[in-house]
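What follows is a set of notes on a single structure, which appears directly below.
All chains are identified by letter, namely A, B, C and D, in their written order; residue positions are counted from 1 within each chain.
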Amino acid sequence: MGLWDIDKIEYVGRKGGAKEGLGFRYYDADKVVAGKKMKDWLRFAVAYWHTFDQRLVDPFGDGTAERPYDKYTNPMDLALAKVDYAFEFYTKLGVEYFCFHDRDIAPEGDTLRETNANLDKVVDKIEENMKSTGVKLLWNTQNLFTNPRFVSGAATSPFADIFAYSGAQVKKSLEIAKRLGAENYVFWGGREGYENLWNTEMHREQAHMAKLFHLAADYAKEIGFEGQFLIEPKPKEPTSHQYDFDAAAALAFLKTFDLEDVFKLNLEGNHANLAGHSYQHEVRFARENGILGSLDANQGDKLIGWDMDEFPSDLYDCVAVMWEVLANGSIGPHGGLNFDAKPRRTSFAADDLFRAHIVGMDSYAAGLLVAAKMHEDHYIEDLQADRYSSYESGIGKSIEDGSATLASLEEYSLDKTQAELRAATKSDHLEQVKATINNYIVDALAEA
Amino acid sequence: MGLWDIDKIEYVGRKGGAKEGLGFRYYDADKVVAGKKMKDWLRFAVAYWHTFDQRLVDPFGDGTAERPYDKYTNPMDLALAKVDYAFEFYTKLGVEYFCFHDRDIAPEGDTLRETNANLDKVVDKIEENMKSTGVKLLWNTQNLFTNPRFVSGAATSPFADIFAYSGAQVKKSLEIAKRLGAENYVFWGGREGYENLWNTEMHREQAHMAKLFHLAADYAKEIGFEGQFLIEPKPKEPTSHQYDFDAAAALAFLKTFDLEDVFKLNLEGNHANLAGHSYQHEVRFARENGILGSLDANQGDKLIGWDMDEFPSDLYDCVAVMWEVLANGSIGPHGGLNFDAKPRRTSFAADDLFRAHIVGMDSYAAGLLVAAKMHEDHYIEDLQADRYSSYESGIGKSIEDGSATLASLEEYSLDKTQAELRAATKSDHLEQVKATINNYIVDALAEA
Amino acid sequence: MGLWDIDKIEYVGRKGGAKEGLGFRYYDADKVVAGKKMKDWLRFAVAYWHTFDQRLVDPFGDGTAERPYDKYTNPMDLALAKVDYAFEFYTKLGVEYFCFHDRDIAPEGDTLRETNANLDKVVDKIEENMKSTGVKLLWNTQNLFTNPRFVSGAATSPFADIFAYSGAQVKKSLEIAKRLGAENYVFWGGREGYENLWNTEMHREQAHMAKLFHLAADYAKEIGFEGQFLIEPKPKEPTSHQYDFDAAAALAFLKTFDLEDVFKLNLEGNHANLAGHSYQHEVRFARENGILGSLDANQGDKLIGWDMDEFPSDLYDCVAVMWEVLANGSIGPHGGLNFDAKPRRTSFAADDLFRAHIVGMDSYAAGLLVAAKMHEDHYIEDLQADRYSSYESGIGKSIEDGSATLASLEEYSLDKTQAELRAATKSDHLEQVKATINNYIVDALAEA
Amino acid sequence: MGLWDIDKIEYVGRKGGAKEGLGFRYYDADKVVAGKKMKDWLRFAVAYWHTFDQRLVDPFGDGTAERPYDKYTNPMDLALAKVDYAFEFYTKLGVEYFCFHDRDIAPEGDTLRETNANLDKVVDKIEENMKSTGVKLLWNTQNLFTNPRFVSGAATSPFADIFAYSGAQVKKSLEIAKRLGAENYVFWGGREGYENLWNTEMHREQAHMAKLFHLAADYAKEIGFEGQFLIEPKPKEPTSHQYDFDAAAALAFLKTFDLEDVFKLNLEGNHANLAGHSYQHEVRFARENGILGSLDANQGDKLIGWDMDEFPSDLYDCVAVMWEVLANGSIGPHGGLNFDAKPRRTSFAADDLFRAHIVGMDSYAAGLLVAAKMHEDHYIEDLQADRYSSYESGIGKSIEDGSATLASLEEYSLDKTQAELRAATKSDHLEQVKATINNYIVDALAEA
């Protein structure tokens, strides 16, 4: 059967029964939905760190993961072997993209020179596998948070040597992005934030972070790397406050430091919730501000205050996010849907890696099917158009077209009675809207 | 059409299309599911306070509600008229139960004597309507929180006159319960908690609360009222800490103050979330501890920290709660499903009251259908039985049957290797469990 | 004794003993601290809505407040009488500023024309009192959230007539600001947000909000009003998501809609916490981004999810905020410290209004004394300077001055060992920093 | 200087200046406060796991800790060497108690037999050091969560072999407790909770947990171990729901499973906050219910949703907790104040271990001084006595002494007017109470 003791995952459909198993119920890669193949709407990617490196540790326990490559003991042997496991995994799962941090794929040496040499060997092997399988790199990134040297941040470290090292590490990682044809390049803030404000020069640290981004953009231009740069917001954890708190904070940062032309956002569901937002909110905000870049599709538990990075299964979120994607025409200019997700610690078997991805893929495929049916009916479009219709003519039009002044508005309003004004408002029947979305979920998926 | 400008709500089913309207999609009162009629599993009740009294105010705004009885200006006229509106509402909606606080139905006078006289007049009219319509009283309760006299609590007020008044008010309310044949009698803590611990004798206040409960139980026995007493937990709001924080705190209280034989719990979904729990958790805890009494079915937004009392539409919650109800054989000894819910402030039209209840009823009916299908397949039962099977024989059996000692366990374990012990654990494939529940939702409702 | 049965509040100092009473322990208006009089650093303001209008209602209870003007029943009589009570309050408390919403001071009529006529009468009286007492207007604002017409927002209402009315209301309010010499003009978002994204055109609503701000700025210029415009962020409540979520979201908004030259921020402590931030964070962010305008000094309970608007007493917050104010040279260009705070519902006596303001004033005065002592010692300044010193020369300097490139950083870093890099980091002894702040609190206040 | 490059920590007092350093500002071990020596009120303990084993890892990074025993590579050598470091640490810090988990002090072998042999060697050395230094064991406990075998819990594992192993491990640990004269024996729930309710038999798992506790109690009696058994509540983390959620849930559990005579609670500050409670609340609840056993003194950040285990420095918490301790006469029957706390990841130097403990000890010593001064003045006692005085006579007395009935209360209340009832309530001037506590902090510590 190959390296993984499992067969290629096939589309089975609803006829497989309710118990989710080793086949897709909704994800049918080449099925055309809303004018595009499912796989082209969704562009699923596997995350190297969670899927191949994650031992399922938590702050109170050692790793529980059982993996077929646990037999390797030499770090470079393991790193090279994992590449084969990874590409067979992509192929068997039917996923066309992957993502990685530099330190996911190869061990560190004592110096960056040695580390880069290790990296090169693994990248050689990845490149070969990409050619032979057709699997593509959605994005890569750099790990600037695990090593103790990053204890107080990387670009925002108060220690200049650490900034310097971070820049050097980014340089190498951009070269790999160029070489492997990455469609995007991601910066997740890691430890770019603060533990305590009393000893922190916040704006200076943010300026340093912006400096690194500008240097990276300059270098990308220099080497001809044309992937999309992305920031991934997260509000807190590991630091008490992460500078890329949420989409709005990231937008303020990009504007403040003149980076708006270069960056878009990579949005994660669990991070949205930790910031007090729904995933729908973050995706909507980015879409409407033209900075929707890509998605780290996962979920958390809204009653829990840390990042769980669960595989997505909540259909409400999947429908809402895919509705935004349909409205946007795509996830982003080069975006995809990366499972920044790990199986729960209790799902420690090797085949849980397949099972968990299937659940995530089926859930987003379901989200696409439901959102497409809603789009087809213009349900949300009509709801909104009707609700804002008073802006299409008369006083409303004068407000939007710029001809109104406070004086014209006063003249219009001065003698309207309380009753007239209340009559200008309408109930939005919000309960029915929620039930209608429930109904679309059932109707669209019953047909699948 | 009667008092409400709306026709009786009928079962339409999925053929009505995805847009939820003025008909039931899933709730088919007499349809037999899992051996009982839907209406007998669900025993829906309308909450007087939210449905007829609630003006949809919030801390930042005046009420937006538009109601057909807004034309009444005299408080007693209004109170009496509302009874007719209420019973027509129940009948048109097809709900067989209702619930109220004493102060929901009649205005206060300057003294309790005057207030009780007002109450009697309205209760007379309610009694007549109950007879003529067959609608029954799921529970009544007393409002010990709105009037400024309850500023520092009722039974837990530091001011003895307020305790005394509260007891007198409870007495009258129990007499009404007896007269109207209430199936339950509820105590929601209102302001029974503290704002600040520095000026609070917490245990003394809890002892006072228990005292009132004992007095109420004694008086119920005296007058022959046999309804089930219920406590409704809530963790905070309006006070910073409510003594009936959650189901576990309520159980500790009942045991501490020798009230466990007399009380069960009325559990609310939004309150569960405010306490950091899922609704499923609170219902499970109560069921397994034999104190599941009744349900205040509503929902909130887990990202929001105050009580929203939204009509329930989240199918995940409805399925989980109805699964517990099926496992319990009923909601509780006399329990029902009371919509302690208000339309959103923006759903201010009179017909939103119907629309919102339909959504709530359909969502719980859907929950019942899904849970019943899961029960039919023994899906959860088998999952659990398999997971705990090691306790059915051998060392596991000796643990449960009481024959094991630490010494026997040591002897059994002393030479087991790390590998043997890990082999004794199994992956729980949790991601698949979540997807399977998604699948049951679609499969069960597609058939509806 | 005048309208309020209380004497003028005097500075007593620590000799008054630990029990806080009707005298100031730390606030000594004319005492010079860090080069300015206390009153000029703090510029305290009383909030009309909470202090004179607030009945101490909450979502579960009627108002408990007892006020000396409760005897007035006619709304205009009451409104006019309150002006006298208000100015005697300011004078007896020794506060030189006040703030109000238009609807705080005068009742609405059936039309805006009638409402404005009511307003004018009260403003006449306020103007007289300002002249006779010397009390000044820190800021005024408009109430666009209480009336049911604002059910779905004001500038962001989907109903154009409501936008129009809002504009007309702002026009009048700006005229009052001009007439009374307001130093600032505030926009708190009220209902400018959404309840649910499915029926919301978020960006269009934000554009409408920006439109109103531009119209207001244009009109201010037209009438020669030169006060500072301020936005007050809040993340949620009453809506599920308020557009001015936090300082960062407000900055993104101002930049997106070309309003950065016109607006600064009015920051509230409780709102900061509801957004997941410390008050220190919000003030720091605004200061460093040049948008610190004014302060709504209050506090909440970080374990509680709704806006409590408590009077500030937490010395940690007061010290942190006043440290930022000292670093900024002032609260803001025209800023002050407005008590957007109400006594707790249980502090319902009239004299609690004085008592609560004294606590707030003493706490911020204490914060000023402590922060000034820390500044005097350069404690924080030295801590930060030392921590970031590696950016003052060598590679650090090259990063800040723009001469570094990724290539130069790589060259610098390529052969550094793990140990060398770790040696480039330093412990920040954070526990000691926290204890040192404790110590400054005690030492500075022991001297007071 | 010995193993740690630091001198014995001495009491310096406030004369040392505001910058906290390597001396105590408030903790003066033999100083008599409220009738007992400071050290006897506080009984500080050092936690082996955080202080000697913790590498300052977090979910996103490797450990940063620098420790003088990092040179040891053989696990048993390291374990034995650490004992010397530990006892010198206790002695230099002037702490008389310590706490540990079995797995903190010695490495695991492949079988429990081998593990126990390792343990015995280290316990031998600990015993010697206890004798030579006089340092005592506040409590020990067992680690039933780190090893992958505990993936689904220990006593609540669905796998009976894991329960068996857990029992065997507890047996050994109790023997060590007996041998070393532990004053208490603690059970922190570790993974005793659930990840998801669908696959969980919650009550059966809780019954298994209770079974282990009964077996432990039986065995303690058998071997003559007389230390106090303690449960340590925590609401979530690592599991989604921990069975010992908070003090109230623990009390319900103890009563349900007939364990109330055997167990008291060990309460942690950060855990209190994660459950939505103040630390004051949890300690008060335990004290008033007679189950206050011991304290894990630490703190978190109320805006952060995971367990930070910071060293305590918040004076408000320290004062509140020590007030309860004074009211209780002691922390608990054998209780102490264990620093279940780690320096922040950025405080990675070896001497930060001393610095952080000094801060914690000084903060609790300060709490004791302030609480003692408040007690001396009867400030809180009088406040409460006055507030509840209406229960000392008349109708209030009849309520407390059991002579009241609902009928007697009705008779008393029936003709009281609204105004009379409101007059029976009193403002609690809560703002002043908070300021007075501020004042006590300054006054008591200014004298120190």
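As a working rule, a contact is a pair of C-beta atoms (placed from the backbone, for glycine too) under 8 Å apart; a residue touches a chain by one contact, two chains touch by 3 or more.
Bear in mind the structure is a predicted one, so any value in this text is a computation, not a measurement.
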item: Set of chains adjacent to chain A and to chain D; value: B, C
item: Which of C-D and B-D has more C-beta pairs touching across its chains; value: B-D
item: Chain centre separation in whole Å, for chain D relative to chain C (CA means); value: 38
item: Centroid distance [mean C-alpha coordinates] between chain D and chain B, Å; value: 36
item: Numbers and ranges of chain B residues touching at least 2 other chains; value: 147-148, 151-152, 195, 236, 276-278, 303, 344, 346, 348, 428, 430, 434
item: Touching residues (chain side chain B, partner chain A) in the complex; value: 14, 17-21, 25, 273, 276-278, 302-303, 310-311, 313-316, 343-344, 346-349, 352, 355-356, 358-360, 362-363, 366, 373, 377, 379, 427-432, 434-436, 438-443, 445-446
item: Residues on chain C engaged by chain A in the complex (per definition of touch); value: 108, 110-113, 147-149, 151-152, 157-168, 170-172, 174, 195-204, 208, 211, 215-216, 218-219, 235-236, 241, 245-246, 248-249, 251-253, 255-256, 275-278, 280-281, 284-285, 288-289, 320, 380, 383-384, 387-388, 390-391, 394-396, 399-400, 402, 404-407, 409-410, 412-418, 420-422, 424-426, 428, 430, 433-434, 437
item: Of all residues in chain B, those that touch chain C in their complex; value: 57-64, 145-148, 150-152, 190-191, 195, 236-238, 240, 274, 301, 303-307, 344-346, 348
